[in-house]
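Each in structure tokens, the structures are laid out below.
What follows is a pair of complexes built around subunit A, which joins subunit B in one and subunit C in the other.
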Partner chain A sequence: MAKVSIFKAVITLLLPLVCLSFSPEEPTDRRILVLVDDFSLKSSHSIFFNSLRSRGFLLDIKLAEDPALSLQRYGQYLYDALVLFSPSTDRFGGSLDLAAVLDFVDSGHDLIIAVDASASDLIKNIATECGVDFDEDPSTVVVDHGSYAVSESDGDHTLIVSNDFIRSDVMLGETEIQAPVLFEGIAHSLNAENSLVLKVLSASPSAYSADPSSKLSSPPTLIGSAISLVSVVQARNNARIMVTGSLAMFSNRLFRSGVQKAGSPNKYPKSGNEQFVTELSKWVFHERGHLKAVNVTHHKVGETDEPLSYRINDDLDFSVEIYEWSGKSWEPYVANDVQVQFYMMSPYVLKSLSTDQKGLYHASFKVPDVYGVFQFKVEYHKLGYTSISLSKQIPVRPFRHNEYERFITTAFPYYGASFTTMAGFFIFSFVYLYQK
Partner chain B sequence: MGRGNLGGGFALLILVVSSIYQAAAIFHPISDSHRSAALDLFTPVHHGSFSSSLEEAYEALRTFEILGIIENKPDVGAATCHTVSETFRSTSSTSKDLYHASKVNSILKCDVDSKVFEGVVSRLQAAVSDAGSLLDFYYSIGSLVLIKDRTSKEDLHLVDAEGVFHSIKALSQSDGRWRYSSNNPESSTSAAGFALEALAGVVSLASSEIDQSMIGTTKSDILKLFDSIEKYDDGAFYFDEKVVDASDHQGPLSTTSSVVRGVMAFAAVASGSLNLPGDKILGLAKFFLGIGIPGDAKDFFNQVNSLACLESNRVSVPLILSLPATVLSLTKKTPLEVRVNTVLGSNAPPLSVNLVRASNSGSKGASIIENQELKFDPENAVYILDVLPKGVDVGKYVFVFEVVLHDSELKKVYVTGGQTQVPIFVTGVIKIDNAEVAVLDSDLGNIEIQKKLDLAGENAVSLSANHLEKLRLSFQLTTPLGHAFKPHQAILKLIHETKVEHIFMVGSSGKQFEIVLDFLGLIEKFFYFSGKYDMQLIVGDAVMENSFLQALGNVELDLPEPPEKAPRPPLPVDPYSRYGPKAEISHIFRSPEKRPAKELSLAFLGLTFLPFIGFLVGLLRLGANLKNFPTSAVPATFAILFQLGIAAVLLLYALFWLKLDLFTTLRTLGFLGAFLMFVGHRTLSHLAATSAKLKSA
Partner chain C sequence: MVRSTGNDAQALFHALRSAYAATPTNLKIIDLFVGFAVCTALIQVAYMAIVGSFPFNSFLSGVLSCIGTAVLAVCLRIQVNKENKEFKDLAPERAFADFVLCNLVLHLVIMNFLG
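Presenting the complex of A and B:
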């Protein structure tokens, strides 16, 4: 009896969690596991955490070496996203390790990695698996004598500013980030072979990765705009990853700090960090830039029902509805670069879809004069958006025997000849048989 | 964290060396940024009261009180006071509730009936005598102390102060820590803080003097507790729980805060002095200041409240030496300013600040300034070194300051931490001279082309070279005092048209910087790419105010053709090009066969009628007739049917063309054929018989 009631209690406790979790219909993450080296981060980075909480996320902040750490239980993931704010962790507690983090991402969950100069090999390896290579020399940080933040107490020029953002409204929001972003941390570069990883915030051309307290003996491995300060990955399964070499970037200190770039007269009372980090986290946690395509329909021009197959040279109408998740509801997605392909081994027709501004995309075209099994394909990849990849199979047949043209003018002389011969034969039969 | 007990002078040496790194952290006392952060953090939420719980309301009010923010809006006070008197009146309030209510009351000074207090006091007295756990003692004694202060009742005493003292003391451990209750075996550092605060309460509530030996043992407990203090590299000391229980881990801030409150409360009531080392007290202050501005209300309160405890404690008051600016510009002639404040930012007693020595952090030992007293500016309460001595050039320095109190009596009250090391950056404009770029002949090094550069302005030189030549770039850097200057970053960047970059460090000998690029050895590094290379020179250093990234122009390189297996560089990809719409594809349909014009076909159709017409005309001309048509009824019927059958077959052919398909046509033709066979046979045999009759006749 007691067991049953405990079971019931567990179910009632778990049920809301299950309902709140990530689903294709509500793609925003809900439950986030934050791993920290030290609980003081709760307080020093509280603005960031509070902004997440106020947006409805359930944060679970744990020590990285907590022996009870686990991402999944009974094959179900307990979290939708993982935030690694634990740069110096050599080994996670519990069942969490490199492979578990990668599995978590491989199953479509999101990840934020922020490190600082104390980054451990474990965290660097996770980043490497995501296509981001941190500077291997542990003593280096990003130094920029050209675009550092004017400060009366930091003379090293390791607190640098950057406003070289990626041009993407979906990642960074529609409001332009006016004030530059303060960065204090280590450099990373993008793996050239990974085509999914993108630089969101790049360093200025005069930046370099070096140890400010010792003389440079060899050319720095990372220099100029090869240095990425913040990078993101959108995997093929739409899992989103953000990697940055500066944990301080998320801190209250840099959120609140004023900023003035060296050599620039503009003084901003507040750095762009809060806006930048908040907007980018909205993207990472799928509050933005998540698309869905529904109601794929096609039919012959003038008809409404979807046919089982098309005949070559038919005229057809194709339409699809695309919506974007706004964090709360699905809003119509408006763009002019959605394309449909009519595809068999290679696209025979590739056409841009026109939109009615309410999410409906439409195109009409003629079926090619090649028969076979075709597909309607919508492959939509746009910077920052989840990719849409849908296909619908449809056979195309040639003309039936009685569908060819029957009365060809060019053939009339032949018909005329035949029929006059027949008429002649008929008359001749009379003359031949009954002539006297 | 501890620094190991290395012996003798060696340890001292290590201390001196490592203290350079120690000095990296400068602690600033509480400032206005704390005040504005407090206003953001503690905002009234529930209809004018600070928070749902009195504990949080107290934390907010206490923080505002310490920071001196006049924020006691009447409505906040009224609403919170209402909750306070509710709590006092309610008989179901626990001693914890009463404690927080008394705390709030001590700040807001609510108008509570003295009769209410009497009831509360008797309940609390009972609670003290029934108390089993440390926190029971802590809350009920704490409330009694606060009520005593508030109501100024001199006769409010604990019934059995010594007994209570003993029962609290019974929970203490040999290492100075305390247990929360007798049946909880785990000892805790924060519990020690609570216990000490409770003991302090007992002492102040005792009707007669508490036994000095007991106070003495408690003092030694405190000293033992301070033995377990932990240390950060920057000189900050803190307390932390030995056993980290992840479930309700409080963190070093709340533990340290609890201990500081307890120790300072006990020190305030205990007679005689508490011989705590001053550097640890200063270290604790550094710990709280080093946190910066916490974003969590509880942490903020703990930090500010503990600093307030340190500010006015009886053991030793820490003084914090801070520098508003550690980056001094030679061009702007920034004066060196030093402030000495208490932790909460109030002014220090009369003292003087000496610059003991200043040395270049690169070359150890060589001191450039020694024993200079800083001038005091009473208006701004800063100590100023107006002009940096002549010998100070750009560079990184370590300045060592010493705070000397004027009044020797005050030396017992304040702790200054002896010498403070501060890293100072002296920046200035570096002079750049004799910048030139030249193309050299490889064998003899003869100059073929030479161009002067103006590294402060625009440059757009245009050179050309082949793989047998060399490129030489040279310039001079001198500090404002005319010394050679070696920047941290002196890099020449060559960027090919394909965006492939090559970087070279520019080396120096003395003031002269020079790099010679021998293209013969660089062919492979350049991937055999001929063409235009843009040159960029980057010179930068932390103390160089005119760090620059300068485009120098370009050099047109003529390199040999690549061999077959030359490696190709990874070309940088533009991320934007991967996205965006593809070019449209429209299917090219097979073109329909070419047909003659309609008129031509119709004309030929007309022509096909001509033979038929000619045939008819010929028949008429030949005088065709039908005289042989059978005349008798039966053969005539058959002949008519035969001819109709032929007509039907021909019509069927016409219909086949117009609409029928092959199967219908053949079926119909089958029936018609049988019919024609029959009638044709009859007709033809009749005709044959008739003609045979004619012949024979």
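Presenting the complex of A and C:
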């Protein structure tokens, strides 16, 4: 009896651990490794960490030099996401290095990188691999004499405000961010050759990247809206990365601070940082914008079974269900821009799918008058959403010999002509042979 | 030259008629048959121009049946014409047997293609 109860207890303890692993059915990251330079970040950034914990994440906050650091054990990843709040680290402890971080992302895990003016080459290199180039000069920060935040110790205008957000409800939530976001840190630009990286928050046209304590001897290399303050990447494997040059953006100090943009009469009691960072982290950790397509079915109009092949000019029904992960459950995804292709080297049919608002997408169309091996394809790539790319192969055959239409009324004159000619041939032969 | 056009045409027509009257009867019968086949073909083409080309295979077989028959009949006419020295070694019976065989093959194909 005692053994059974111990066994039960062990099972009850192990069960949550088993359930917590990342799976396509539950795409939210559960276990997050946070690397810091200094444990004081635990208290100075506690609002951000607590918001993650309250959303059900398990945070493992460690020093970046911790010699026991490891992302994986026995080939299994121990974490679903990595947060690098350790800008000045030259070398990670344990088995973690640049390649390990990139492998982690390549296997579909998420990453947040936040640096400040003390950013090390290691962290900058990780960002470069993600398509984001930080200003190479280590002494520079973003300075903006046009849209800085009004404060008591107003001096070098390095605490700047911006509300130049990307227009995407899926990334930043449906509630509009009213107050501008405070930013204090270094500038980065996007690698023009990387088509996956996006600017989420860009600097105002009057910003530039320079050392505020010395006189400008040459024009700054990064200026105006070319400076990105916060950027995101969604990789082709749906791993999401967020990069920002301001670690202070996540801090309690800027979360709680009031904000007033220089030259603007509007004074907000609380900056937009908390809402911005929380919403964007929901996106990064797949609580929003993660789509799945299931139940791809197709059949002839009026039938229910999926055929092995179609005949040319058949009428068919195609349907697919698309759901979006809301952080807790799969909710129906509603959009009017999902399309299906009937594809053989090029799309012969391209049709928008109509939705029933409950996640079911449907279209009916006629198979083209061409036979061969076709595919149903749904290629859906929308800003901020994980991409859907599914295909299903189906052969299309021509009419069988006995499936052609016979005795067409229009063709009766032709039939008549043929038979008349035959009769004519018969009569002609008769007349020709027996004429005297 | 210009004013005598009407008379010339009439004279030409008469000459043609009198020359054709000398043609043997069996050749005249063949000519009649060719005329019949070509007319049937023309009627079908006119019909297709009105109703459209939908059962195109039927149209093709209908027209080709007529044209084919006409061509074969013309071939027969060339071979049985006594004034044509090229085929003087070929018996008219043999020519007619060839004609019948070709027609049978033609109409077999036409029946298959008619739809």
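Here, the second predicted complex is superposed on the first by the 391 of 436 C-alpha atoms of A that agree within 3 Å, B and C clash if a C-alpha of one lies under 4 Å from a C-alpha of the other, contacts with A are read in each partner's own complex, and residues count from 1 in each chain.
Everything that follows uses one rule, which is that a residue touches a chain if its C-beta (ideal position, glycine included) is under 8 Å from a C-beta of that chain, and two chains touch if they have at least 3 such contacts.
The shown structure was predicted, so the numbers you read here are calculated from the model rather than taken from an experiment.
Student: Of the partners subunit B and subunit C, which touch A:337 in the superposed model: first, second, both, neither?
Tutor: The first partner, subunit B, only.
Student: Using the superposition on chain A described above, determine whether A:415 touches subunit B (first), subunit C (second), both, or neither.
Tutor: Touch status of A:415: both partners.
Student: Let me test your reading of the model: by the given contact rule, A:256 touches which partner, first (subunit B), second (subunit C), both or neither?
Tutor: first
Student: Name the chain, either subunit B or subunit C, that contacts more residues of subunit A.
Tutor: B
Student: Report for A:54: first if it touches subunit B alone, second if subunit C alone, otherwise both or neither.
Tutor: neither
Student: What is the contact status of A:329 with respect to subunit B (first) and subunit C (second): first, second, both, or neither?
Tutor: After superposing on A, A:329 lies clear of both subunit B and subunit C.
Student: Taking the superposition on A as described, I'd like to know which of subunit B and subunit C A:404 touches: first, second, both or neither.
Tutor: So A:404 only meets subunit C here.
Student: Once the structures are superposed on A, label A:198 by its partner contacts, choosing first (subunit B), second (subunit C), both or neither.
Tutor: A:198: touches subunit B, not subunit C.
Student: Between subunit B and subunit C, whom does A:304 touch in the aligned arrangement: first, second, both, or neither?
Tutor: Neither partner.
Student: In the superposed arrangement, which partner chain does A:429 touch: subunit B (first), subunit C (second), both, or neither?
Tutor: Touch status of A:429: both partners.
Student: Between subunit B and subunit C, which residues of subunit A are contacted by each of them?
Tutor: Correct list for subunit A: 408, 410-411, 413, 415, 417-418, 420-422, 424-425, 428-429, 431, 433, 435.
Student: Which stretch or stretches of subunit A touch subunit C in the complex?
Tutor: The contact residues of subunit A facing subunit C are 404-406, 408, 410-411, 413-415, 417-418, 420-422, 424-425, 428-429, 431-433, 435.
Student: Which subunit A residues qualify as touching subunit B in the complex?
Tutor: Answer in residue numbers: 38-40, 42-47, 49-50, 62-63, 66-68, 143-146, 151-157, 166-167, 192, 195, 198-199, 205-206, 208, 210, 212, 215-216, 218-220, 223-224, 226, 252-253, 256, 313, 337, 339, 341-342, 347-352, 365-366, 368-370, 381-383, 402, 408-413, 415-431, 433-436.
Student: In their shared complex, at which residues does subunit B touch subunit A?
Tutor: For subunit B paired with subunit A, touching residues are 26, 33, 37, 246, 249, 251-253, 291-296, 299-300, 323-327, 396, 423-425, 427, 486, 488-489, 491, 493, 501, 503-505, 536, 538, 540-544, 547-549, 570, 573, 575-576, 578-587, 589-590, 595-596, 598, 601-602, 604-609, 611-612, 615-616, 619, 624-629, 639, 643, 646-647, 650, 653-654, 657, 661, 683-684, 687.
Student: Across the complex, what residues on subunit C touch subunit A?
Tutor: Against subunit A, subunit C makes touches at 25-26, 29-30, 33, 36-37, 40-41, 43-44, 47, 51-52, 54-55, 58-59, 61-63, 65-66, 69, 73, 96, 100, 103, 107, 110-111, 114-115.
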